[in-house]
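Below: the structure, in structure tokens.
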Amino acid sequence: MAKHKQQKYPDMNQEMTVFILLNVDGRYEQRIFDKLVALDEVREVHSVHGSIDIIVKVTLVRDLLSSDAELLSQFILATIRKWTGVISTQTLIPGISKIKTKENRLS
Amino acid sequence: MAKHKQQKYPDMNQEMTVFILLNVDGRYEQRIFDKLVALDEVREVHSVHGSIDIIVKVTLVRDLLSSDAELLSQFILATIRKWTGVISTQTLIPGISKIKTKENRLS
Amino acid sequence: MAKHKQQKYPDMNQEMTVFILLNVDGRYEQRIFDKLVALDEVREVHSVHGSIDIIVKVTLVRDLLSSDAELLSQFILATIRKWTGVISTQTLIPGISKIKTKENRLS
Amino acid sequence: MAKHKQQKYPDMNQEMTVFILLNVDGRYEQRIFDKLVALDEVREVHSVHGSIDIIVKVTLVRDLLSSDAELLSQFILATIRKWTGVISTQTLIPGISKIKTKENRLS
Amino acid sequence: MAKHKQQKYPDMNQEMTVFILLNVDGRYEQRIFDKLVALDEVREVHSVHGSIDIIVKVTLVRDLLSSDAELLSQFILATIRKWTGVISTQTLIPGISKIKTKENRLS
Amino acid sequence: MAKHKQQKYPDMNQEMTVFILLNVDGRYEQRIFDKLVALDEVREVHSVHGSIDIIVKVTLVRDLLSSDAELLSQFILATIRKWTGVISTQTLIPGISKIKTKENRLS
Amino acid sequence: MAKHKQQKYPDMNQEMTVFILLNVDGRYEQRIFDKLVALDEVREVHSVHGSIDIIVKVTLVRDLLSSDAELLSQFILATIRKWTGVISTQTLIPGISKIKTKENRLS
Amino acid sequence: MAKHKQQKYPDMNQEMTVFILLNVDGRYEQRIFDKLVALDEVREVHSVHGSIDIIVKVTLVRDLLSSDAELLSQFILATIRKWTGVISTQTLIPGISKIKTKENRLS
């Protein structure tokens, strides 16, 4: 993704993936689910039934001069945490990630 | 619901995706991370720093005659929960999921 | 229940039992208790006084082509989580269960 | 205990049902499950995968002169909480219960 | 303990002490504190600043034919849990208690 | 504030009451209970069955020149938190307390 | 800091530092952040994204004749806990603190 | 944001401040406290008595090409989480911070 930029400014814009765990008011759950799906930064939304209600996987483009947490603050405070029915959010920023590609799995 | 499909059984083996949230003893964290990656059913492993330590995304092949929870029990009890250093696990089974493909995002 | 079907499609419609732990606003507790009892799928309702307020035992008929979690989502999102006064719910799906019958106990 | 009183005071020995939520070390989970099933007072044992690991339904015979909580203490402290691998227990004593009988459900 | 009294049944109404841990909306905290103090069954009210906000010590007169938990339900559901600003309550029923009297301490 | 009292120092040693909530390993519960009772500063010990296992009421003599929290640290770190089987402790320091005396209640 | 007073009344007015962990309704988060910064007693405010939303570092001047917890109660109940959007607060009073000065670090 | 600075790279190594909340085994608390103080990256260590035991304030030098979370992982996994007696850690990365300087406060 965005390979050509990398030749000049290698690593300058990297992706950062985070998971957001939400507790929501059940009366707004469907609406919140749909609004999450509609956000460009959101890659996956899962409605679950444990001690939390929704897991969201988000990919943000890292801006090297601001911190990841600043970026995250801007994103979350301007969107999800503003919505009616969102009771609490916890964001988990992976320090180390291992994601298997389909090819990996088959080989 | 969708009875006629049963004659051909095209959907008999569907995938079920679950997320497992782990708290682990830090002295075993690297080893547990590596053992998770080595499991065939595991698709993603993320080391995080919130109230939990590791998020795992697992895909199991649904066996229609046993329940999802039975499958899950067999998988988790026989693997992760047996490992030294695993303090607690919480499994989240998505009831509704929306995953965007790369094509979706670009278009 | 539904014995005759079992001869032809053994296990095709099995029961799935789940426990739902609720935290509720005390002002709506009696009303929520009564609405839970009125649901066909609900077998037991217990008002307790620990870190949760109500335990519910629910039996759903498994639909083999959709996952247990899909079924559960449809049931919970359409009923309990829509009610005023329900603060949070956690659903526990047994993977392995052992229930003693009265006969077992006496013998 | 106190059998003879039952002739004159027919309500003197009532049953009290409680739920015990357990978190256990996964390496001992199967053994703890089996030991729970073997206890006379235990009616149901469910292995689950949420923020807790096992739900137990227990029926104790109420001894009117000691409190329910004393009885419970004697039972739990002498059994479950003594076992290797039991990390934490939470007991929930129902104040109000509604249990549907099979007849209720069919009619 | 107090064996001889049992002959006359003077202990048929014994006291049961419980602790109630409350989380409250801060805007109602003073009002809830005062309403707690005004309840006859309440012996102590402490405003604290940890993961809970108020600890209450309550003494109920045990009614031997109903269970402690029934009594407790009637008391809590009819009073505290009905009040505006009470977010959650957890009741702790002592199974074994040791309370030192002033004389004990001095001697 | 209240400077003149300092000349006479009548309030120099006041009592501070705190509650300590403990989670303990069940195998050590009886021993920990007994050791708590044996501490001079401990006024009440209650074995309970909720999300915590033991409630302790402690009275410390306030030393005006050190902070309450320093005193508490010295007490707790030197005693309870050193004992085998104590898994976690949470201390709650009342900011405002209302304790009814027996006379209050009767009048 | 305030050296000259110490000659006459050594330690009589000491500072007490506490941390307050807040969960807030996201719609009020920015407003609460600003109101916290405006309080004289507040030294640091950090918006975070874990299981809590805001960390506040507060310095209160100890009044030797009232307890730290009384002071804290007066401060928190009169300010933060009264604000719309504050869901829960937990106050942590350090018993032992070690703060490195810039000079310490460089040397 | 701050584009022109990139030419000179004066901000290439910025500080990132995080808070780490620890639960520890009380028998190791003093030793862990001392080891924390000895770490260069640690600025403040506070022993507290709430639902957590120790608050640590850490300053890491941001390495612009790796993410904050990667840095944090390397630091925490290589140090604190490896120590005997550390039961759990939660790291809070501030997205927005406001720290008053001494001058600010006095003026």
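Things worth noting here:
Here the chain labels run A, B, C, D, E, F, G and H in written order, and each chain numbers its own residues starting at 1.
Throughout what follows, a residue touches a chain if its C-beta (ideal position, glycine included) is under 8 Å from a C-beta of that chain, and two chains touch if they have at least 3 such contacts.
Note that the structure is predicted; figures quoted are calculated from it, not measured.
Listing every chain that touches subunit C and subunit G alike gives A, B, E, F. Bringing subunit C onto subunit D by least-squares fit of CA atoms involves turning it by 180°, to the nearest 5. Chain centres here are Cα means. That of subunit A falls 32 Å from that of subunit G. Subunit D and subunit G have Cα centroids separated by 45 Å. Among the residues of subunit E, those touching two or more other chains are numbered 47-51, 69, 72-73, 76-77, 90-91, 93-96. Pairs of chains meeting the touch criterion: A-B, A-C, A-D, A-G, A-H, B-C, B-D, B-G, B-H, C-D, C-E, C-F, D-E, D-F, E-F, E-G, E-H, F-G, F-H, G-H.
Chain contact summary for the complex, subunit G toward subunit A: residues 23, 26-27, 29-30, 47-51, 87. Within the complex formed with subunit B, the residues of subunit A that make contact are 17, 19, 33, 37, 40, 42-52, 55, 90-100, 105.
Chain contact summary for the complex, subunit A toward subunit D: residues 50-51.
Residue ranges of subunit D in contact with subunit E, taken from their complex: 11, 14, 16, 62, 64-65, 67-70, 72-74, 76-77, 93-96.
Residues of subunit A that touch subunit G in their complex: 69, 72-73, 76-77, 80-84, 86, 88-91, 93.
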